[in-house]
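There are two complexes below, and they share chain A, which is joined by chain B in the first and by chain C in the second.
The block that comes next holds the complex of A and B.
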C-alpha cells in the first residue's frame, strides 16, 4: 500500500498543472524571500485565499513551493547586500557578503543554490524514509529540551567569537538584554518601556538583524567609492563552477548542516533561524581554520544554506502529523490544508488515508529543489552584477527596501526605530571589534531560552534537576543536551590543558 | 483528494485568481478603492484563517477587492488601537474576538480607549475553549479528570499564559468546579499547550475547539470537556459540558469573530459589509469548510455583534470576575505575585 501511494504520488506530480504550480510557487518564493522582511509567512498568506478555487493538491503544492523558494531567495539578499531576506538566512551573511566584497558573489550564490538543493534533496529523502521515527521524535522533545537547544546555541558564542573572549561574551550578554524588553512570556511580568503597546511583544529580532547588517553596512559603504565588490572584479561562469565544486568538496558539512536543519526544524518553536546559527557555529567549531570564518569562508555559506533548506523538511513533520505549527510559515500551511479540507494527523501518514498526498508534497519539494538549483544558477551572473553598481545607487535602494520590509513585518513603527538604532550599534560594533555574531545569537535565542526555562521550572516545581536527572524526570534527551553544552563550553579548555600537560 | 488530473475549469479559474494578485484599482464597493480588513493576529492564526476563508466570498459580494492586513501584537491591542484611529470612510474594518478581546483590554490599565467606541458590523463565527487530555490516561469526562488528579494518576494542567483569560479559567476550574490539579503550567500560546498535552509533558490542558480538533485527529489526545455554551457534539460526539458541573463559563470561554469599524463609520456602509459577510457565512463553500474543520461559522447582525462587546457586556464580565476571584485587580495582583 505504501509503495502504491508512492507510485500514485509520482503519477500525480508528473502532470503539467502540478509542475506548473510548483515552479510558480518556487519563483514567487524566491522573489518574496529576496525582499528584506517579507519572508515566507506573508508570501504564503497572500497566496492562501487565492488558492480557494484550486484543486487541493495544486493549492498545497503552490504554498509549499513558496515556502521552499523563499528559503533560497533569502540568501540572495544576504549574499549581495548583507541583508537577511529571511531570518533563516542570517548566518549566510557572515561569509556570503564578505565573498561579494571580494568579487566572489557568483561563487557564493552558486554555493547557496547548490547547497540548498542538495540539502533539500537529502532531507526530503530522509523524511520519506524515516518519517515515522521523526514523528516520534517530535513528541519526545519538550520544554526542557527546547531550553537546552537554545542554551546550546548560546554556548556557540564561545566558538564563533574571534579575538577578545571578553568582548564576545559582552556582546552575547548585550544581545540577551535586548530580549528582556517587553512582556515576558508566558508569565505576565510587564517590561515595556513607557507603557507603550508597541513594545509589549519586545523588540523584533528580524528588525534587529536588518539594522545590524544592512543599515550598518550601508553606513560603512557610504564612505566607499565604486560598488560593493572591492577592486575591479569580473563576474563569469567560472565563479559558478567554483561554487558548485566547492559545495561538492564539502559533503560532510552539507550532510551535517542539513541534518541539524531537519532535526531542529522538527522542534516546534526552535525553527530555521536557530538551526541556521547552530549549523554555522558547528561548521566553525569543526573547522581546521576557524579564524577564516566571517571573512569569506565558503564553508560558512555551505553550512548556513544547507541547514535552512533542511529545516523546511523537518518543520513539515509536526505540522503534517500533529497539526502543530512550529512557525508562522507552517501555521499558514496548516491553514491551507484545513481550507482545502485536509486535516493534519496520522491519516497523512496512513496508506489508507492521505499518505499519497503527503508523498506528493514531499516529492514536490524534491523537484522544487531542482527548480531552485536551475533558477538559482541561471540567475547568478546577472545578480552578481549588483555588486558592481555604484554605492550611490545601491545605498538608497537597500535603505528604502530595509525600512519598507521592516514595517511590513507587523506594521509596528517601533521596528523602524529598531532598524535605525541597531544600524548605528552594528556600525560601531564592527569598528571596535565586538562580535556581531555573538550579539545576534543572544538576540535570537534569548526569548526561546527565557520562556522555556520558566515553563520547565514550573513543570519541576523549581528544580533544575529536570535538565540533568533522567531517573526522576525521564528526560534522557535533556541530559544528552546538557552534556553537549558542558562539552562545548569547557571542551576546548580541557583539550588545551591536556595538550599542555602531554607536552610538558 | 489526490488525483492525477485536475479539472481544466478549476485550473483556468485558479490562474485567473493568481493573476489577480498584481491587479489594483478593482472596482470597490465603498468607493473605487480596495477595502482593508485588519486582523490583529499574525498570519496562520485562527482569526486569520476565518478571514482568509471568507475573503474571496466577501470580495465577490462587494464586487471589489479586500486586502487582509495583519497587525499583530500585545494580544490584539496594537491592531485594535490602529483600527480605532483610522478614517471612518468605510475603507477599513477589522475583526476582534470578545470576550478574550475585552478581557485583554481590561487587563491593561495603560489603554485609554473603550471597546464600545468601535462601530459594530456583524459577527461571523465563534470559537472557544475545551479541555483536552492525553489518550494514555483513558479519561473520558470531567468527573474522571477530577478523579485522575485526586488519585495522582495524572499530572500537570496547561493553560495559555499568566494573566490571560485561560489562566482565569484554570483558577475557576479549581475553585468552582473542584479540579484539583497538582501543577498548573503556563505555556506561550495554544500551539505549545497542544504540543505539551500530545507529548504528555502535562496530562491535560485548555485548547480552543479548533486546535482540539487537530489534537483529536492526531490520535494522541481527546477533547473531553466543552467549556463553552455552544454545542460541539457534531465535532466531538459525546463531549462532556462544564455546565453539568456548575454555572456557565461562556462569558469567559467563548470568543466571537466580530467585525468592527472605526468610530463614526456610517451605518449604511457597515450594513453593506455586513451583507457581504452574511453572504460569505452562508455560502456552501464556507459551510463545507465548517463541517470539515469544526470551525463554528455563524452570522450575527449589527445589534448582535454590538452585544458581544458593549458596555453591558463589559459590566457583566466585571461582575463575573468580581464574583469569581474578587475582581480584575485582585486577579492581576495575584498573578504578578505568583510570577
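The block that comes next holds the complex of A and C.
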C-alpha cells in the first residue's frame, strides 16, 4: 500500500499543472527570499489565502515551492548586500559578502544554489527512505500521547528561545487561547464569548498568521533604514563554474551540514536560523584553516547554505507527523494544510488517507531543488536586481495584498480586524522578546491539542491521571512524555540550582 | 526612513505631559518604567480574565480547554507584570493558586471521589509557599527573569551574581536583550525611526476603518496614497504605485471577492470603476484631466 501511494505520488507530481505550480512557487520563493525584509513565512502567509480556490494538492505544492525557493533566495541579499533576506541565511553573510567584495559574488551565489540543491535532494531522499519507519511510529502514537507531543513541542520552543521561560510559555498559551474563540471544532459545541455571528467560526488562524508575519514585519521594516543595495556589485558569469566545482570538492561539508540542518530542523522552534550557525561553527571547527573564515572562505557559504535547505526536510517531520511546526514557515504550511481540510497527523501517513499527498510533497521538494539549481545558476547575473528594490514600494504592496487576501478567506470583516490586532501584537511581541513562533505554534496547534485532550479525557472519564498514571491506564509513553515536558521546562533551573549548590 | 516635522509631532507634544504623568504613576506601581510591554501584558491579562470568566458559561466539555489556557495566561501575565516584586508576590500567588486548587480538588473529592491530584498539589503548593516562601520567591523570580538554555553552555549559571535589589530594571532589560540577541527561535531588531512603525500601524488602522465604511476597493488606493504622501515618494512613482494598488483591488473585486466593494458597517457600495466607465462615455477624459491637473498642481514630488 505504501509503495502504491509512492507510485501514485509520482503520477500526481508529473502532471503539467502540479509541475507548473511547483516552478511558480520556487520562483516566487526566490524573489520573496531575495527581497530584504521579506522571508518564507511572510511570502507563504500572503499567498495562503490566494490558494483558497485551488485544488488542495496544487495549493500545498505551491506553498512548498515558496518555502524551498525562499531558503535559497535568502542567500542573494546575504551575499550581495550583507543583509540576510531570511534569518536562515545569516551565517552565509560571514563569507558570502567578503567574497562579493572580492569580486566573487557569482561564485558565492553558484555555491549557494548548488549546495542548497544537493543538500535538499540528499535530505529529502533520506526522509523518503525513512518514511516507512516514520509511518509506523506515527500510527503507533495514541490520542493522549498526541496531546502531550503538542505540549512537548510548545515546551521545547520555550526552552529553545532561551529567553525568560515565562515569556515563552505565555506566548504559547496565549496562542492556544486564541483558538478557543468560536465554536469548539473538535467537539462541535457553540462557544461564543460575544453575541456576534461574525465570531461563530472563531478567529481565523490564517488571518492571525498574516497579521503576525506580514503586518508586524512591515511595521518593523518601516522603522528601519536601508535595505537596498547602495553600491553596484559586479556579477561575472565566469565565477559560476568555480562555484559548482568548489561545492563538489567539499562533499563532506555538504553532507555534514545537510545532516545538521535536518536534525535541528526536526526540533520545534529551532529551525534554519539555528542550523546554519551550528553548521557554520562546525565547518570552522573542523577546518585546517579556521582563520580564513569570515574573509571569503567558500566552505563557510557551503556549510550555511547546505544546512538551511537541509532544515526543510527535518522541519517537515514534526509538522506532518504531529502538526507541530519546526519553524514559522512550517507553521504557515500547516495552516495551508488545515485550510484545505487536511489534518496533520496519522492520516497524513495512512495509505488509505493522505499518504499519497505526503509523498507528493516530498517528491515535489526533490524536484523543487532541481528547479532551484537550474533557476539559481541561470539567473545568477540577474539576481542583484532583487536587492535594489526599495522597501518603500514593498511595504504598501504587502499590506494591500494582506488585506485583500485576508478578506478573500471567508468574506468576514472580523478577519481584517484580526490582521490589524495581531499585526500590532506581533510587532510588540518581537520587540520585547516574546516568542512569536511559540504564539504561532499555539494558534496552529489549538484545535489539534484540544481535540486530543478531549478524546483523552473521554478515555479516562475526565481524569488527567491518564497522562501520568501508567499503572491504571497502561500508557507508559504518556508518562515518559509528561516527564519530558516537566524536565524541559524546569530542568535548566534544577541544573542551575544544583550547580550553585555545588559551588557553594 | 527619516521624516521632518509632521502633524504627528504636534499631537505628540500635546499629549506628552499627560503621558509623562501616567508613566510616572505606572513606574511607582510596577517598580520600573512602563513600556508597551506592560500594555501587551495587561492586554493578555484582561483577555485571560475575560475568557476565564466567559468560559464558565459553556458546557462542561467545552470549558475545560479555554479555562486551562486562560488560567495559564492569567498566571504568566501576572508573574511578568509583578517581576520586580516576585520575592513577595511569588509566594502569595503560589499560595493563592494552592488554595484554589485545594478548593476545587476538595469539592470534587467530597462530591465524586475525584480531584485527589488537585487537592494534593494544592495543599503542597500552599505548604511550600508558606514554609519555604523565600526559596519559592527566588525560584519563581528565576523562572520569570532568567534565561534558560537547552542548546550550548549554560551562560546563566556562569554569570556573576548581583544583588537583585540593586539591579535596575533597565540593566536587566539590557541583559535580557543581550542574552536573547543570539537567541534561536526568535530574533531582535533595531528600530532607527520609531515613527515608522507607529505611522504604518496607524495607516493600517485607517485602511481598516475605510474598508468598513466605503469598502476595500476604494480604501486600497487611499491607503497607498496616504503611505506615499508620508514617505514623500517621487510623484510619478507615487501615482504609479497608487494606480497599481487600485488595479490589484479591481482584479480582486472582479475575480475573487466582490464584497470588497461594500462597506461592512455602512452597507454602502460606491459605484465601481466598471460602472463609472459604463455610465459615462467621458469618464476616461475626466480621469486623464484629473491626472494632468494633479501633476500641474503638485508640479513634482508630492508635498
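Here are a few things to note about the model shown:
The rule is simple: the second predicted complex is superposed on the first by the 274 of 504 C-alpha atoms of A that agree within 3 Å, B and C clash if a C-alpha of one lies under 4 Å from a C-alpha of the other, contacts with A are read in each partner's own complex, and residues count from 1 in each chain.
By our rule, a contact is a pair of C-beta atoms (placed from the backbone, for glycine too) under 8 Å apart; a residue touches a chain by one contact, two chains touch by 3 or more.
All of these numbers come straight from a predicted model, not from anything done at the bench.
Looking at the shared chain after the overlay, A:2 reaches neither chain B nor chain C. Of the two partner chains placed by the overlay, chain B and chain C both lie in contact with A:189.
When the shared chain is aligned, chain C comes close enough to touch A:403, but chain B does not.
Looking at the shared chain after the overlay, A:56 reaches chain B, while chain C stays out of its contact range. Of the two partner chains placed around the shared chain by superposition, chain B and chain C are both touched by A:411.
Within the superposed three-chain model, A:338 lies in touch with chain B and out of touch with chain C [touch as defined at top]. Contact with neither chain B nor chain C is seen for A:236 once the two complexes are overlaid on the shared chain. In the superposition on chain A, contact is made by A:15 with chain B only, not with chain C. Shared-chain residue A:157: touches chain C; no touch with chain B. Put simply, chain A uses residues 53, 187, 189, 269, 411, 454 to touch chain B in one complex and chain C in the other. Of all residues in chain A, those touching chain B in their complex are 8-9, 11-12, 15, 17-18, 24, 41-42, 44-58, 138-143, 185-189, 195, 197-198, 200-201, 268-269, 318, 321-325, 328-335, 338-347, 354, 356-357, 360, 410-412, 451, 454-455, 458-459, 461.
By the touch criterion stated above, chain A contacts chain C in their complex at residues 53, 87, 156-157, 159-167, 169-170, 173-174, 176-177, 180-181, 184, 187, 189, 191, 193, 215, 218-225, 269-271, 273-274, 392-393, 395-397, 399-401, 403-404, 407-408, 411, 413, 416-417, 419-420, 423-425, 427-438, 449-450, 453-454, 457, 462-465, 488, 492-493, 495-497, 499-500. Interface residues of chain C facing chain A in the complex, by the touch rule stated above, are 1-2, 35-37, 39-40, 43-44, 47-48, 50-51, 54-55, 58-59, 61-62, 64-66, 69-70, 72-73, 76-77, 79-80, 114, 117, 139, 142-151, 154, 156-157, 176-177, 179-180, 183-197, 199-201, 204-205, 207-208, 211-212, 216, 220, 223-224, 227-228, 231, 233, 237, 241, 244-245, 248-249, 252, 256-257, 259-260, 264. For chain B in complex with chain A, the touching residues are 1-7, 10-11, 13-14, 17-18, 20-21, 42-45, 48-49, 52-53, 55-56, 68-75, 77-78, 81-82, 110-111, 156, 160-164, 183, 185-189, 191-192, 194-196, 198-202, 211, 213-215, 217-220, 285, 288-289, 292-293, 295, 332, 335-336, 339.
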